[in-house]
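For clarity, chains are labelled A, B, C, D, E and F in written order, and residue numbers in each chain start from 1.
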C-alpha cells in the first residue's frame, strides 16, 4: 500500500476539510452543512449525506476537458459520486444526524489511480470534522458516526492479487475493483469487475483478504487525523 | 427465482433481438451491427460491444419523465448501460469478432425490479443472434462468444438472502446487488451495496452461493432460446 | 390499407394501454392519469390531454441515435407529439373530463411508415381505457369522449393517390400527409405537403375521399378493441 | 386581407433581404448563399434551401424568453422553420440551382398573427433576390424559381371563414391553418387544424376558396417588389 | 464619429423602443416593464434594470450560427449583455424606480463595429421612454434617470487614437475598448484592452479625451430623441 | 496589499504549475503544452495561449453549485477566463512560441476576493515554467516572454482608493476593477466599473497610481518564484 497522509483544515470556509494523499493521488475533500434536505425526506426528521466528485483538468497525465465546458458530468464522474455518497451514508445514523444535509465535495488535485477510494477515505474525515462541529455546538447530541468508513482498491495485475493500484497498474489490470468497509470489518460495498476477462471465486476471496488488511491501515490513519 | 421467458426475433429490423421476461420485468433487447468502431481502437483489428439502456416512461408504477425531454440520461441510466456493455464485452473475444461494433439496446417495456440483470441476460441473446448472422455470412469465422454471460440480482431482505428481487423486495432490501457470471461459473462483475446498513463476509458468501444457482438456470434458458 | 391489430392491456402499470399494429408498424400507447394540470388551466375546472412520442433506437432499418443521448428531442419528434396531443384533445370534452391531466405516451417499437397516424389511432384507445377507469370509479360522470378520433396517412405515389403508405412508399411519395378525423366524419386536422413538387386541388379532393374510407375502418377496429 | 408592404434591401450584408409587413406583423427575411451543402446531398449536384425562424423577445405583447437563453429552440419554432424551408424548396428547381445552399432567416420584429405565412411570402422575395445575384454573376444559368411561392392563413372565426387572421382573431379561432401555394394556383402545403372542436369538408372547401384569392394578391405584391 | 440616428417607437408592443444607427451599425432596443423583480431584491423596495443582447444571424458579413440553435449564448454575448445591464443600472436611482424590473433587449439588425456601445446609448433611450410612461401613469413620482448614460468605443488604429471604430478598423486595432459615461462627464465603466500588444498611460489619457467629446455628442442625440 | 506567496511545482503532471496565495485567496495554476492549435491559426506558424477558470464548490463562504452540474459555465466564469487568456497572450511573442498551444488552467481552491487577478499573476508563472521547459528542450529558441504580466484589483471603498480588495471590501465597493500590466509599466487591460454609482477621472487616475505600485511588487514575486 502506498504512503497515506491526511491534512485536515486545508481550506478555511468549509465546515470540515481534508487533503488526503495516497502516494501521488491527492484529493481535497470538503464537507458543507446545510439546513435544507432533499424533497423526498422533508419533514421526516432524517438527515442526508451526499457527495460530488470532480477532477481538475490537469490532475492527469494529459489534460482532460473540463466538465463545465463539456456541458455535463461524464458517466464515470456520476458513477463515482454516487458511490461516494452511498458509502458515506452507510456509516451515518441519519436519525442521530437530524434533518440537515451534508455535502462532501471530493476534488482531485493530482491523480495516480484510486481516486474514488481516496475520496471516500478522505471524505469520511471531512464529514467527521463537520459533524464534530455540530456536536460541539449542541446541534447534534448523539454521535451519528460510530464506525469509520474507508475504501481501498484491489485488482489482479500480472496474475497476482494487488492492493491499492496506482495508475500504471490500474490501467493494465484485467480485473479490478473497490472494497468499501467499516473499521470494524463490515462490508458496505463490493465492486469487482473484469474488463475483457473473468475471475474465479477463489481469486475474489484472495482480494477480499487483502482489502481487509488495507482498510485497517486506512482506519488507523483516519483515527490519527481526527483525534 | 421468477419465471423466465425469452422470445427471439421480436422486431424485424435488428440483426438480433429478444424480449426477455423475468416475472413482470419485460425488456426488449436488440443488437445492431455496424462496420465502424470507436476512434480509440480504429485500425487495431479489434471489435467493440457497447450497450444503451432506456425505460419507457410508463414502464413503472408512476410515470417517469422521458430522458429525451429532461435533456440527458440520468446517473442511474448511465451506470446501468456502462455495466451492461462491460459485462457483455467480457464474454466476447474481440479479436475473433473483428473490427466492427455491435450496439445492444435494452429498453424496459415494463419494470418490476432487476431490469439491469434482465438486460444483460437478454442482451447476451440478442448479441448471440447477431453474431450468428455474421458467422453464417462468413464475416466472422471463429466464434467470439464461447461462454454465455448472464446476470442475477441478490439481496438481504427481511434478514434473509434472496435471489432475483422484484420491485417491492428490492426497495425494502437493506443490501442488494448483482452478480454477472459466465455459464461456466466464472465471475465477471460483482456489485453488492448496502444502503444505510452493512453486511458481513459470511452474508456475502451466502449470496454468492445463491447467485451461482440462479445463473445456471438463466444460462439454460439462454441455451434454449438460441438453440 | 394494411392489416390492423389493437391489443389492449399490453402493460400492467398504465391506466390504459394498447399495442397497435398497422402492418409492420408497431406502436405501444399508454395513458397516465394525474391529478395535476398545467399551470395555465389551474383552477379552471378544465382537464388536459397531452402526448409524448418516441422511437426505440432500432425501431428503424438502421439504428437511430437515442434522443436522450443527443440531449434533446428532434424537430420531427416535437412536431409529431404536438400533433398527437392536439388531435386527441379535439375529441375530448375537457369540461366533462374535469381538472386532471392524461398523458398519452406513444413509443414506436417497430417502424414501417405511418407511425404518427398509428400513434393517434392507438393513443385514442389507451385514452378511452383510462377514461373508462375514471368513469367506473365515479370520478368522471358524463363521458368526455363521444366521437372516436383516428388518423390515416395518404399520398401521391407513382402518380396515384394511395392510402396508408408504408415506409418504402412514403419515402418515394412526392406528396404525402395525414388526415385526422372523427368516426362521424368531421375533420380535426389536415396536413398535406409536397416535397420538391406541387399538387392540384383535384388531387387533394381524391386523397380526402380515400381518407374518409380509411378512417371508417380504423374506427371500427377501435370500437372492437374497446367494446 | 391586411395591407401588404415589402421593402427589399433592408440590410446590406445579405445576398437578398426583405422586410415584409402584413398589417402589424413585420418580418425581416434575409437569404445567405453558401458553397457547402448538407452532407446527405454532397456530390449530387443538387442545391439546398433551408430556413430558420426567430422572434425578437418583445415582438409580442408580453415579453417572451429569448430562445438562446432557454438553451434551445421551442417546438413551435422548429415546426415553423421546417415548414418555411419545405415550402420554399417546393418552388425551387434544385438541379438548376446547382450544388450550393441558401439559408433564409426569418426574424419577426413585430408580431400580430400570421408570422409563418409572412415569413414564407417574404422569404421567397429574399431568396429570389439572392438567386438573381447568382444569375447575374453567371453562377446559375437557368432560372430555378419559375413559379413564386406565397402563404396565407385562414380560419373559422365567430362561425365565419376568415382570411389572414390577426392575433386577436387567431387566438379566438377554433379552426385555423395555412395554405402554401404557387402563383399559378398549385398547392404546396395545407395545414388546417382544430383546437377543441372539429370542422366539415364543406368548411374546408370554403377556406380553400378564400386562400386562392389571397395568394393571388400576395403573388402580385411579390412581383412588384422584385420587378 | 459616424452619423447618429435614433428613431423612437419602432415597435408597437414595447413600453419603450428605439432603433439606433451609428453609421452602418443598427440596433433595435426595446424596454419591457414587469412587476416582478429578481429574488435577491424581493421585498427591498428597490427596482432592477437588466439587459439582453442578440444578433440576427445575417447582421454580419458572413452568416453566424443562431445562438438558439447552438444551445446557448456565447461568451461574447454574455459579456456584452452584462455590460449593458451594469451600465444602464448605474444611471438609475433604484429607490425612485420602485420594486419593478425593466428589461432592455438590444438586438443587432446590422453590424459594423461598436454594437455594444450603440446598445447602451440606444438602450438608455428605450429605458427613458418606458420610465416616462411610468411617470405619466403616476406609478413613479420622482424621476429615477437624472443623468443620461451613453457609450463610445475608442482604439489605437494604425498608431493613432481613433473614436467610434467601424468593423474594419476594429478588427485591425491592436488596442480597443469602450468608455461608458454620463452626460455630465462622470465615468461608469472603462474597458481598454490590448490584443497581442500593450499601451502606455499617455495613450490611455488621449483616448479618454476623445471619449469625453464623443459622449457629449451622443448625449445631445439622446436628448433630441426623447424631447 | 496582502501577503503574496507563489509555490511552483505544486502538481507533478503539468508542464508548469504554481499555487499562488494573495492573502486568503489561493489559486492553483497549471500550464499544459499541446502541439495542436485552434483551427483559425492552423498553418500560420503562430502559437496560442488560452485560459480556463474554475472554482471548487466550497472555495467560497457558502457552497456554490458545481458548473459541471449546472450544465454550463456561468457568465462570470466565461468573462474571467477570456480576460486571463487575453492578458497572458499580450505578454507572449506568438511567433517566437511557434505553432503550439499552451492552456493555462486557474482553479480557485479558496476565495477571498481578487481571484481573477491572482489567476493572471500566478498563471503567468505557470506559463513561464512551461516555456522554460520548451526552451530547455530546444523546441523554442528565442524567449517569447520578455516582459512579465501581472494583475491587481483596485476600488473605491468607503470613499478611499484601495488596492487589492479582499472579499468584504470588494462586495462593499461602489467602484472596482482590475489593472493588468507588464513589469515595465505598460498597460494591457483596464477594467473599472461602477455598480449603482459613478466615478470621476481624478479618481481613475488615483487608482492607476496605486495599481502601478502594486504590479511592481507582484512582478518582484514572480521574478523570485521563477529565478
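What we mean here is this: a contact is a pair of C-beta atoms (placed from the backbone, for glycine too) under 8 Å apart; a residue touches a chain by one contact, two chains touch by 3 or more.
Computed from a predicted structure; not experimentally measured.
Participant: Where each step is a move between two chains that touch, what is the least number of such steps from subunit D to subunit E?
Facilitator: Step count on the best path from subunit D to subunit E: 1.
Participant: Can you name the chain that lies farthest from subunit C, using the mean of each chain's Cα atoms as its centre?
Facilitator: F
Participant: Go ahead and note the Å separation of the Cα centroids belonging to subunit A and subunit C.
Facilitator: 50
Participant: Measure off the straight-line distance from the CA centroid of subunit C to the CA centroid of subunit F, and report it in whole Å.
Facilitator: 58
Participant: Can you list the subunit B residues in contact with two or more other chains?
Facilitator: Those would be 72.
Participant: Mapping chain-to-chain touches, which pattern fits: line, ring, star, complete or other?
Facilitator: ring
Participant: Would you mind giving the ring's chain order, read from subunit C onward, with subunit D coming straight after?
Facilitator: Following the touches around from subunit C to subunit D and onward: C, D, E, F, A, B.
Participant: Please give the residue numbers of subunit C that touch subunit D in the complex, ascending.
Facilitator: Spelled out, the residues of subunit C in touch with subunit D are 72, 75, 78-79, 82, 86, 89-90, 94, 147, 177, 182, 186-201, 204, 208.
Participant: Which stretch or stretches of subunit F touch subunit A in the complex?
Facilitator: Going by the criterion above, the answer is residues 11-14, 17, 24, 26, 28, 30, 32, 34, 52, 54, 56-61, 63, 66-73, 77, 103, 105, 107, 109-110.
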